[in-house]
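Chains here go by letter, A, B, C and D, matching the order in which they are written, and residues are numbered from 1 within each.
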Amino acid sequence: MFQKLVYPTGVWYIVLMMTDAIKKKVAARLRRIEGQIAGVRRMIDEDRYCVDVLTQTSAVVAALRGVEDLVMQNHLNTCVADAIRSNDQAEQNEKISEVMSVIGKFRKHG
Amino acid sequence: MFQKLVYPTGVWYIVLMMTDAIKKKVAARLRRIEGQIAGVRRMIDEDRYCVDVLTQTSAVVAALRGVEDLVMQNHLNTCVADAIRSNDQAEQNEKISEVMSVIGKFRKHG
Amino acid sequence: MFQKLVYPTGVWYIVLMMTDAIKKKVAARLRRIEGQIAGVRRMIDEDRYCVDVLTQTSAVVAALRGVEDLVMQNHLNTCVADAIRSNDQAEQNEKISEVMSVIGKFRKHG
Amino acid sequence: MFQKLVYPTGVWYIVLMMTDAIKKKVAARLRRIEGQIAGVRRMIDEDRYCVDVLTQTSAVVAALRGVEDLVMQNHLNTCVADAIRSNDQAEQNEKISEVMSVIGKFRKHG
């Protein structure tokens, strides 16, 4: 996604929200997570020990958290940074509230 | 998985670790979660807004937590309950330590 | 707290819910946590760096989690174990539902 | 704490890290949390039911999370925003890495 932003100096910037490198990295991790979940499904099918199943689901959650960290870090470095640089206080407040709400979601399903 | 256990009364019980009903339920949920993750992958591909991506990954984590709760509740009702009923204190301690360690894993990737 | 329980064998047991040793350990940890929070209050007062404050609050949460683990492990070993040994299925279900609800609370404020 | 920052325009700003209003709010909440923990200590002393103790410790963790959110939001609005506005990429990277590391701590003790 592209987004235009006016900087205090009056120069227009074109900001790419997620570089192709990060997108590839995130997509590859998500594909691996799909495989992990298919693996958990097989464990259930094979009546594997509950604690081993839960150890595996914990690993999946950890992998998802890793993806979330990549996306969040990218978000702070692009959208949030742009909102702050725009010197539009309402825009900055909105972006930071959004980040706080995402942190709240991380916790709610902690 | 089947597991034989001696009860204090000396009677042998056959305990099914996870009923077919629970296994089906868990497998269906896991299949849906795989679909959700494929959906997140598409969102990345389509350059969707980071916060929307993170809202969706939070929903996936919540769904995984739901699966973990089903598996944990089943584990308490079967393996842990059997260990306690066996009146073998070492066995009970081991099972409860295992449960505490799983709770620790839930937290670590909270 | 004392609780009387009938075992399948018909023998009455007296079960102490939390031994004095565990109670002392938990109380000592809680007193230390109070001190840690007073320390965070001083950090705020002295305008300490936000990230250092958050590192300290994380340590407090970790300490509280340690207390919760002690209490939970004790609960599994006493109340839950007694409910299971009582062979009263309704009682067992209730206790295990309670444990699942506590795990849910751990997560909600994860 | 005061912190001087050069903006791209070359103007010097004086930035107060946490306003007195926020500091008072945070301090008041922390004092209340100390009271809550003293309350948990009394519950232990009075042999209250483990599940009630754990419900109360969960409330304490939730209250601590509320304090963390206040501090984090303030941190994003001051230090992180200033680092971004400074147009010093190394400074921005460092601040955002710090925020990610704090989010990691939130999760680790989730």
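Here is the rule we go by: a residue touches a chain if its C-beta (ideal position, glycine included) is under 8 Å from a C-beta of that chain, and two chains touch if they have at least 3 such contacts.
Because the structure is a prediction, the values reported are computed rather than measured.
**Q** Could you check if the interface between copies subunit B and subunit C is built from the same residues on both sides, meaning over half shared, or from different ones?
**A** The interface is built from the same residue numbers on each side, given that over half of them are used by both copies.
**Q** Count the C-beta contact pairs for A-B and for A-D, then tell me which is higher.
**A** When A-D is set beside A-B, the one with more contacts is A-B.
**Q** Report the inter-chain centroid distance for subunit A and subunit B in whole angstrom, where each centroid is the mean of the CA atoms.
**A** 24
**Q** Roughly how many whole angstrom separate the Cα centroids of subunit A and subunit D?
**A** 22
**Q** Please output the residue numbers of subunit C that touch at least 2 other chains, ranges allowed.
**A** If we look for residues of subunit C contacting two or more partner chains, we find 65, 72, 106-110.
**Q** Which subunit A residues qualify as touching subunit C in the complex?
**A** My answer: residues 106-110.
**Q** Name, in rising order, each residue of subunit A that touches subunit D in their complex.
**A** Result: residues 8-9, 65, 69, 72-73, 76-77, 80-81, 84-85, 87, 92-93, 96-97, 99-100, 103-104, 106-107, 110 of subunit A touch subunit D.
**Q** Given the complex with subunit C, which residues does subunit D contribute to the contact?
**A** Listed in rising order, the residues are 1, 17-18, 23, 26-27, 30-31, 33-34, 37-38, 40-41, 44-45, 47-51, 53-55, 57-58, 60-62, 64-65, 67-68, 71-72, 74-75, 78-79, 98, 102, 105-110.
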